[in-house]
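Sharing a structure with you now.
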Amino acid sequence: MANKIFENAEQALDGLLFDGMTIMAGGFGLCGIPENAIAAIKSSGVKDLTVISNNCGVDGFGLGILLDAKRIRKMISSYVGENKEFERQYIAGELELEFNPQGTLAERIRAGGAGIPGFFVKTGVGTIIAEGKEHKEFDGETYMMETGLKADISIIKAWKSDTEGNLIYRKTARNFNPMMATAGKITIAEVEEIVELGELDPENIHTPGIYVQRVIKGKFEKRIEQKTTRSRGDA
Amino acid sequence: MAWTRDDMAARAAQELQDGFYVNLGIGIPTLVANHIPDGIDVTLQSENGMLGMGPFPFEDEVDADLINAGKQTITELRRTSYFSSADSFAMIRGGHIDLSILGAMEISEGGDIANWMIPKKMVKGMGGAMDLVAGVKRVIVVMDHTNKAGASKLLRKCSLPLTGQACINRVITNLGVFDVVDGGLKVVEIAPDVEMTQIVASTEANLVE
Amino acid sequence: MANKIFENAEQALDGLLFDGMTIMAGGFGLCGIPENAIAAIKSSGVKDLTVISNNCGVDGFGLGILLDAKRIRKMISSYVGENKEFERQYIAGELELEFNPQGTLAERIRAGGAGIPGFFVKTGVGTIIAEGKEHKEFDGETYMMETGLKADISIIKAWKSDTEGNLIYRKTARNFNPMMATAGKITIAEVEEIVELGELDPENIHTPGIYVQRVIKGKFEKRIEQKTTRSRGDA
Amino acid sequence: MAWTRDDMAARAAQELQDGFYVNLGIGIPTLVANHIPDGIDVTLQSENGMLGMGPFPFEDEVDADLINAGKQTITELRRTSYFSSADSFAMIRGGHIDLSILGAMEISEGGDIANWMIPKKMVKGMGGAMDLVAGVKRVIVVMDHTNKAGASKLLRKCSLPLTGQACINRVITNLGVFDVVDGGLKVVEIAPDVEMTQIVASTEANLVE
């Protein structure tokens, strides 16, 4: 069996990076993001990237570090409100931006991985994002066409992997990671733990290993964006 | 006296029905969870991939892998299920969520909503808002009746880029409750001590009987 | 909380059946089929059904009992080769039949549940199933449009349900059941065991309870179509 | 001597590469699993929703909930994962399976395949065959070179309704191995003691160098 386990993010990305490439990066906010691959991509010096990710990290963390280093030419996202440098580069015309409704973005990625180049949704009909898109009636309602998305590589974060690349995610850190695993020509998964074959329950594999070409055990800061708590008194 | 933010949330909570699956937006809609009436059991969806959202965690329960769509730390319940963003929005787009309660910058008498963009000023992205207003069975907006300059937020036609078209069912403001009906907005309820004249003066949208 | 647990299939179907309705029935072959609901539908006398199911059971079992009783007006399936009565009714013109490639059928059902009324696939381009369908080029390749499917009710089989209708399936008995749960106006799940809230792992719910309106604990024969074994000597 | 069914399966097994994800059709393709070369590890997909298909069960292991796409009882492996039919065909349609080996009634020199329907005679349905031939990266047909009447199954143009168009890469018959190339079929290998004249006589499709 071809070995899928790599030593670190640098080695897992070896030979895959080139200027102008398209990268999908998993995560929602700072939750479930591929911290190790992002750092390695920054170190590599690769530039002019198109990055597909729901958000763009925050200033100085997550995808924000690629933005700060001016490696991103274009973002395809649904929300970038946590990032001042993003706003600055965008307003200065240094950065291209394509906003997608979050569900449309998620479905475009799933479609890309599932061999579906186009599909119709109601989301966004009558808004500025509908401009230039093909519209069609189904049962008297108007829908518009969205297209599938693929990437040269997908960098994703999971909780555990076995040696075949079967993945499980933890709680809401799942988010965009499973679809992106299917839509990258090569998918690099970074995980908290690599377990032996047979340790994961076959009924509950979130991403089958067929979608994962390279796996590393990463180190994670897991920064929290909005720590909100209640006190025992409130209960 | 016009309703406070908390009053508006409490009024919005009256819209909940037992067994409902509900998505609550950021701001006043989040407060709705504090006012769920006795005997009413609802399941909260968080569009980043969770059904059955629990309260904020105690300090020692905080988990970076467990956040809501507002990126706040939360907890799970015994009924909770987790899923991907694609599955989450399949649920939303497919019309399986009973009710979405969200804020707005403007709404129109035709049921349009604008809440994601102020050209050249606020360009953060729509997140899941467009999916929610287009997909959820019933959409209720909770917002102040007028903006800080005193201008009506209930308009003939939205001036800002739309989040969705003809998708709002009801609007709850500090002055009252309004339904989107043929020809305009219908006054369903008036906040205590608010006069109809004040509503008329504060509303650009056509008000119908 | 509204109670989702019903005593038996008759009660779970009460008020939902009408002549001419469309029913989705889960299962692949005889694996993971809603045996109890099928029997109750037969007993109810409802007729002129459109049934969406990958197969149509076998003579005398599974959906075959509805076929034998002439309750089915139209089948939407991918394969019906195990059923002599099917062939007889079809050749006699008593039964309408729409064949879909298995993956197209699965995706049409998922799309129906996901608010996607149409999508493009390569499957079947250039074959007789492409006739009359809209074609479109994406990146120089030809695709054709397929439409989403919905049903008045979906009858599905799962392994376990909790009291909120959260479901898990067992092994390959999952098959079409999860998508059908999402595409029925009302979904009735029959399970082998109903467990208390909290007993299922939130990370591994295959079908969230939002898709399931009624649940029963059923009795299952679980007939095997092709029992194939090896002997210890072969190992 | 022309190849037997088992020889054809063994020859097809030479197409497997280490690490491949493979879908095997019913009939001779199923036998390929018995001939996987030493040192080659492949993962078998079953399109009803399983990756990592194991051998037939021992009598006491038979499980009605665990079958393959041919509805035969099977077993799982340590690498196995289960998923829905939608997820299974997303995998197939999306081009993630490396190789599909399946039988056919006819193939054409342009790479078309017919294996699902004989009008007015066999109308069982296409099952997953159309999805497999359209979606899998490499498609290899294993079949007899001629039908029972002695007529070629390698044709200029298929006479039966197609399963897929221009989708076959290679054909393995009892007489040899043929690639679909520009202009027709190219002879890649000839079975032991089979003469080229026999292949020419048994092949309607254009044979090219």
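A few remarks follow.
Should a chain be cited, it is by its letter among A, B, C and D, assigned in written order, with residues numbered from 1 in that chain.
Rule of thumb we're sticking to: contacts are C-beta pairs under 8 Å (C-beta built on N, C-alpha and C of every residue); 3 or more make two chains touch, one makes a residue touch a chain.
Bear in mind the structure is a predicted one, so any value in this text is a computation, not a measurement.
Looking at C-D and A-D, the interface holding more C-beta pairs in contact is that of C-D. Centre-to-centre separation between subunit A and subunit B, using Cα means, comes to 27 Å.
Each chain gets one centre point, the mean of its Cα atoms, and the points for subunit A and subunit D are 35 Å apart. For the pair subunit B and subunit D, the distance between mean C-alpha positions equals 54 Å. Each of residues 76, 82-83, 89-90, 92-93, 135 in subunit B touches at least two other chains. Contact with two or more other chains is made by residues 107, 110, 114-116, 121-122, 169-171, 202-203 of subunit A. Pairwise, the chains that make contact are A-B, A-C, A-D, B-C, C-D. By the touch rule above, subunit A contacts subunit B in their complex via residues 28-32, 54, 77-82, 87, 90, 99, 101-104, 106-107, 109-110, 121-129, 159, 169-179, 206, 222-232, 235.
Within the complex formed with subunit A, the subunit B residues making contact are 46-50, 55-59, 61-68, 70-74, 76, 82-86, 88-90, 92-93, 112, 123-131, 134-135, 161-166.
Against subunit C, in their complex, subunit B makes its touches with residues 18-19, 21, 41, 43, 45, 51-52, 76, 78-83, 89-97, 135. Within the complex, the subunit C residues that touch subunit B are 1-2, 110, 112-116, 162, 164, 166, 182, 197-198, 202-203, 205, 208-211. Against subunit C, in their complex, subunit A makes its touches with residues 107, 111, 114-122, 136, 138-139, 141, 143, 147, 168-171, 201-204.
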